[in-house]
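Shown below is the structure under consideration.
Chains here go by letter, A, B and C, matching the order in which they are written, and residues are numbered from 1 within each.
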Amino acid sequence: MITLASDFGSPYPAAMKGVLLGRTDARLVDVAHDFPRQNVRAAAFWLREVLTYFPAAVHLAVVDPGVGTERAALAIRAGDHALVAPDNGLALPAARALAGEEAGVEVFDVAYADRDTESTTFHGRDVFAPAAADVHEAGVDSFERLDRISPADEFVDLRFPDPDRDGAVAVGEVLVVDGFGNVVTNVPGEFLADRESVIVNGEPAPVARAYAERAAGERLVTVGSHGNVELAVNRGRGEEAFGLSAGERVRVER
Amino acid sequence: MITLASDFGSPYPAAMKGVLLGRTDARLVDVAHDFPRQNVRAAAFWLREVLTYFPAAVHLAVVDPGVGTERAALAIRAGDHALVAPDNGLALPAARALAGEEAGVEVFDVAYADRDTESTTFHGRDVFAPAAADVHEAGVDSFERLDRISPADEFVDLRFPDPDRDGAVAVGEVLVVDGFGNVVTNVPGEFLADRESVIVNGEPAPVARAYAERAAGERLVTVGSHGNVELAVNRGRGEEAFGLSAGERVRVER
Amino acid sequence: MITLASDFGSPYPAAMKGVLLGRTDARLVDVAHDFPRQNVRAAAFWLREVLTYFPAAVHLAVVDPGVGTERAALAIRAGDHALVAPDNGLALPAARALAGEEAGVEVFDVAYADRDTESTTFHGRDVFAPAAADVHEAGVDSFERLDRISPADEFVDLRFPDPDRDGAVAVGEVLVVDGFGNVVTNVPGEFLADRESVIVNGEPAPVARAYAERAAGERLVTVGSHGNVELAVNRGRGEEAFGLSAGERVRVER
């Protein structure tokens, strides 16, 4: 099984699928191709959230503002999963989540197959898809035996910060806003335990277990499906009601 | 085969796919994940229109404004198909169409597997995807033998109204507007038989067999692919030209 | 393997998949269903760019402003690929690219199976999907033995023009703008060879090998993944910075 994720929109991902299917009979599963354009951080968050629900697979992920530069290509082993992605941090949070422990993540460089025939603008098709097919065919346990694979001396990492906690106050950040307009923060859901309301950036807001516990159009704070504090509006858009977007600071007081 | 349909946008459906593929090797087929947000009625219409073209399958459908409330989860047998969906009417029109007769629809409750580990905001991933995989593995003919399945005493139904007919006048409603801007009504296509034009909400409009029978930008009334009267504009948007949106009343005079 | 491409948006492609899966166990691969609406020329460009990366397959492609008219349905053999599409030029550029030579393209008419039961508005579902399944099951080498297939006496062709070249000046056109806002021209990439900058419609612009060679927000001219001259902005939209959209004239001076 190979999953595919990118910010390519359409129809570029189909070229990646064609390349993969010329090299493997693996099942292909689309994760998303509409990640926020060239936003490595948002894509890294979503990959960490979604890939952990998959059985063992090779995960091809490309959000790649540095395409065509000297930026390396990586293959990462994480438990019984492998990830193939540009060296910009994109795959590291998902790799740690899939491995379940820091030590379970092994990072390899993927040598380019042929700089002369590869485009400088579409490595998803010309570099990462062939590499993902090769990793899949070699097997997650043994892909490092491929000639083009070697241990990475260094690589770009990316970590989502923990919020600052001080007693009844957590100061964190908005990681992403999802398609429903729900504001996903980095504050752990436990912070809401036993509370009927909290104060978000100075304004009180009720805590709810389900969106529909509030009337349509009303604000609420809940534990989202990722386990973090989420700011939402029942049948509305939390980002508008709370006036928050990705990267902004959020202060929650119990 | 398991089909997937939701209003989740992206990337949430991928988490459902991961859960499914951890439990079954079934072919997965996306129906749509961009149904109008939390609009059970529009999604129910599209499911009825589309699922009837599939061979025997399990259909996982989630448009679920009541997620996290006491709202039940249903598994429905409809001929050689099964549907797994929240108890809000979503799957009933499709189930009747797939069964071909009212009596062919059997509705079951799906007990939640584990309220403690399930989120309250993403039952597509935590409740419906596992249930759909279980139904698929048990088989459409015998899934009621699963411990967590029991006959439903009651359930939420949803029916699309017939238009009021009085001789040469039909008063119906707009069921949905499709992505092309075509206005889909509940007036049966036969109503247009042998007519060269009709009067729609007081304004005459020509009847056409094909969009391209009219010049680009011109209004027309046709029998859509669903068999109903459809209000369209060749290479344009019928919703704008006819000033109609979903749920609105439409009066057609032969 | 059957690939699917259309301008249908959602959920209409799912009805095509249902029809296909009722007739074949082939792997289905989505190419795109968001081609610019009823824009045969843009879709023909993308098909040519993407389908050539696939191994042998049947390609079902439907962008069909003439649906329901006397417009014929075509099945085309192109090397070890087949294409099934309306007779409006849509599949011809891809067919020539897949065959690798003009002589390798054979064009057949597909007789309609049953004009009485087919809709006049959704031939993707009622005409092209059944035909693609039939072609797949018969095999690319021998589908012309099907009763409903006969050599086409004539068909609508579509070719993308070469630019006018006069020494250091190429006058071409914008073929499409992609989802990133990159402006794809018909000027071959070689035209940029060894240049550090060129003049585009009277304004100088730097030539770059990779988007990220320029600062964020800056214009650049590069060889796109299709091999043609592309006008772009690093982390921005080339269409806005260059003021160009599909079909417009572009003059590039070395």
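We adopt the following convention: a residue touches a chain if its C-beta (ideal position, glycine included) is under 8 Å from a C-beta of that chain, and two chains touch if they have at least 3 such contacts.
Treat the numbers as computed from the prediction; the structure is a model and nothing was measured.
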Shared interface numbering between chain C and chain B [over half = same, under half = different]: different
Superposition rotation for chain A onto chain B, Cα-based, multiple of 5°: 120
Interchain centroid distance [CA atoms averaged], chain B/chain C, Å: 31
Touching two or more other chains - residue numbers and ranges from chain A: none
Residues of chain B that touch chain C when the two form their complex: 1, 3, 5, 27, 29-35, 46, 49-55, 178-180, 209-213, 222-225, 230, 235
Residue numbers on chain A that touch chain C, as the complex places them: 8-12, 14-15, 17-19, 21-22, 28, 37-38, 65-69, 119-122, 125-126
